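For reference, chains read A, B, C, D and E in written order, and residue numbers begin at 1 within each chain.
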């Protein structure tokens, strides 16, 4: 570990490091990676770090074909994806970098929704709702008889997979008649300007835009992890009471890429700074020792691969 | 000034920007009958003719000095409505210019824009105007066909009929036959001859024989000036001015 | 010498032929990629299903919601641009002093040179909030402001081309109209506009074609929700937006997702191709009407 | 009220309405420009122009965006100008009136009306996939070259049409071959008009975002491209990316970036208008 | 055929599409001296003249029958290089058409396209051609100014100098003075008079006085036919053909 740190500063000071690091994937993780990449520029100005936003699914596809070095992911890699990676002789390491509380939001002037139950969310989002659940009062009779406008991440997105898994009960299964975008900013735009909107996305995007959005407390009707409806916040996510929509965020690193020092350097830098930067952009850091573990795990991974 | 003229031009000067196109012209047109304007190309005949129904109004940079009286009233006064004036003073142009509509619609155009839309009235107007323009027999079976399908000469007579339909008292004609073949041209001349019983006609022509045949009075213009104006016979047989003589004998122009 | 001439001519001809290759390329790319799509989805489904959710678990492949979105924004744009553009053309031709026409026409044309992202920004951040003052139910993404702003963008297409068409009407017709005692208004609407109608129609068709293919304005301001509606107040999705939306996710080659954008693309291409050809033939047919 | 009075009233009303319509577009444009200037002008400084993108609006700059735009501009010019001018010369000077020329003309008129995003699909399939150029500057420039080709061809032809036959006669009567005549006399004489077309087409290329998005230009490119094979972003895409961000500060950045983009397009258009104006004033043949 | 002619046209017919512009013409042009083509507008003078340097080649739909011999060789044979032919047969047009370049560059254009770029050679050519064209004194101080700044007459002499610079043996002139004022026109005539010592000159002209003054032989054309061709003096004083007589006395045209 110590050696890593010194290596870090050494190469930074010399500025010898060059080459490029290609990152793509989750829009939820994007703010963290973007921040890391930006800070990394000071350390290693000659390394070109590009960060794409294809959604976790899109990123995974590229990652498993070996087109990128690192993938941002807001869910764990699935079997199909790791199978493809294997086919392409790619092994990888999974590194959790922060926690997120997937947030359900409405327009800031929405005065009828304060909390919502998992059952109601399911009613709204399940495939059967398509074309049938079109008005607020169909969800809860006392809500207004107005069209409900839905906003959510696109199907390539890990957030979508996670949400459908947690709410509908089956990953990748939902209605299709909503505004879907891989770019969570678009969703923020949509919800914040649409009085009859309801949407969901990563906590960072909510926190960044608190003045324009209203988070909805979610009631999982499970008293064991907090009573009644619970709003997402740093505390409730950390404590695990904001369930089931709390989740870890990851990066995955390609084994072949770790042969390039700039990638190794970047990942180390990532893990060194993930705690502060993830908090800065609006996520919740992992426990400190956790990052140390990740670094060890990564070091080992690098060594294994370099021996091959 | 004891006599009643249809038109009187008094000390008229006209300019296109800096170009002095009409130079201090005085001229009076008798009621009924035909007055012809002759002169070489560019001498200002058209410009002068178009003063009588204010067709030059919209030309950028055009400017007029002097007075033009119609029935003793200045047509360039402030409160004169140009559209009203033009209903009284019809105009026929050198190139036949029917609207790309049916024959019927061409003739009734002037009535329609006055808000007259009664079928009966329109049909009567069409028949009588086309008859006056000696075109009725040729087109009565195809009134609703496009006017553009007519021959040049028929088109020109249609334009005359169109002008007559709004019952003007004056007809201004700017070389109405010059774009036509000799036979059509002769027909137009004949028509003018008939119309002059009822209308005051002012005609611009390049063709001196034509001027001699159809007109009662003739005015000869040269580079914006009125050189001579008198009974047609007099002008052609014993012109006062040397330049007139040169012109009518074909010495220039 | 001879040979050099021949070589140069052939090279020039090659450049000209390249334009054919581009067309062939476009058609080939669209057809071959969407061929794969239509093997999975019948054209019948494509044209008759009323939902477009090719990316979701429950896949529906009805292009109609996208067509409806495209149609709606185009309709609004034309509803804005046609009256404004045509009136401006008539005004410039029949009323404005020549000097004013000389200045105003090119300045109006500036409207068409502004990059469309800029218009998108305008629609999203200025027009929508402004309209929400009057229409509280207006969603942040909607067809209305996108359409209006698109309309402003295509004003010059209609005004310039129509003005050209009107001023190409021979002077003699205008003279005839004025000679009969028409007001400028009557001259314009009873004579000039009908006589220039083919040119005006061409300008409108080209404007429609432009609106149908316009991308960034709708991608920014009209929303991304395919929905079979003519309600201008809610988020919709156009064909072009769909292509952008999928492209932003960086489409993996060969996937169904990848093919859907070509299926959408070929639909768009067919529309604009028809419109362009119609306008071309009208122009050809009426070009020499007056001379 | 008599009918004539009514007609005159209608006329007056329409005159006012016409003035209103004519200027409405311009007024809206003016409002918008002023709005953007007010919002964005204060943001433009040296830092903004020379900073890399950043998650913090106040630190973010448009260096990579305008560098990418400049690259695209130059590459597109290099590719499209020779092709477009050659095709224009061929159609106007060699292949006149043949069946083939007629077909080519219809084809070009059609291409001019193909939506830009379709060119994006073409570029995606041909340049990005088949030729494996990826989302590089070269892919982008090739795609935009095809897009602007019809504009260059049409304006080149118009410029050539304006050159009087007498000039060609003079040259060929002196024993010049056809190409010598074109190269030494016709093209130089038509250069003003051709330049106008080229510049207009480049101004079009500068403003395009959709086809570049389709071929996969990235939003976050924190380095200045150094070779045509590098990934890139351009001003319109940077603007698009920022527009979709909900934070106010990014909208200020958007306004500032728009000012820069408009400056470039207006400058190009200004040059084109000036060239055309000079052309009109120049020698009457 | 015993005599050596510069040009011979044998049974020449020429067509623009369906239009028969030149009808079975036989004509031989003597070496040195001036031959004039006269006739009313549209009779085919220009068309015929342009056959001698194949300037009609590129006109869509143009077709030629018969032979044109230059120095006894058919210039329409397959292997004739048109550009080589045109270097031997210079041409001057009705409207002065200098290139929009400097005077110097205008004159040397013909040399440059032959690949001659030596400064010395070019400068000598410019001086001698401009002197031959009687323009040297007027322009020697502004050789590098734009040719378009010259007066019409000077421009036309420049065009002649430009044609002379490549040392042709023939000069074809299509109404070279008709677009000029009388003084410039006279200068051109004078120049032609001097040049005919060295060159074979064929000139088309509308102006019969001019034809009479400058030419040795005159050909009279009428609607594509050659009506009469003889010594200029003969043609103007005792034409054989009635139509020629009518034309030269101004009876028509």
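Criterion: contacts are C-beta pairs under 8 Å (C-beta built on N, C-alpha and C of every residue); 3 or more make two chains touch, one makes a residue touch a chain.
The chain lineup, named per UniProt: B, E = Phosphate ABC transporter ATP-binding protein PstB; C = Phosphate transport system permease protein; D = Phosphate transport system permease protein PstA.
Remember, it's a predicted structure, so these values are computed and weren't measured experimentally.
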Tell me the fewest steps from chain B to chain D, where a step is a jump to a chain it touches. 1
Looking at every pair of chains, which two share the most C-beta contact pairs? C-D
Centre distance in Å when chain A and chain C are each reduced to the mean of their C-alpha atoms: 38
Centre distance in Å when chain A and chain B are each reduced to the mean of their C-alpha atoms: 85
Counting only Cα atoms for the centres, state how far chain C is from chain D in Å. 17
When you check chain A against every other chain, which residues touch at least two of them? 52-53, 183, 186, 189, 192
Which positions in chain B are in touch with at least two other chains? 83-84, 113-114
Could you tell me which residues belong to chain C and also touch two or more other chains? 1, 124, 183, 186, 248, 250
Chain C - residues contacting chain B, complex: 97-98, 170, 172-173, 175-183, 186, 190-191, 194-195
Provide the residue numbers of chain E that touch chain D in the complex, in ascending order. 53, 55, 58, 60, 83-87, 90-91, 93, 95, 97-100, 109-110, 112-114, 148, 159, 162-163, 166
Chain D to chain A touching residues, read off their complex: 52, 54-55, 218-223, 231, 244-247
Within their complex, state which residues of chain C touch chain D. 1, 4-5, 8-9, 11-20, 22-23, 25-26, 29-30, 33, 83-84, 87-88, 90-92, 95-96, 104, 106-108, 110-111, 113-118, 120-122, 124-126, 152, 155-156, 159, 183-186, 188, 206, 209-210, 212-216, 219-220, 240, 243-244, 247-248, 250, 253, 261-262, 265, 268-269, 272-273, 275-277, 279-280
List the residues on chain A that touch chain D in their complex, please. 31, 34-35, 37-38, 41, 48-53, 183, 185-186, 188-189, 192, 208-209, 212, 281
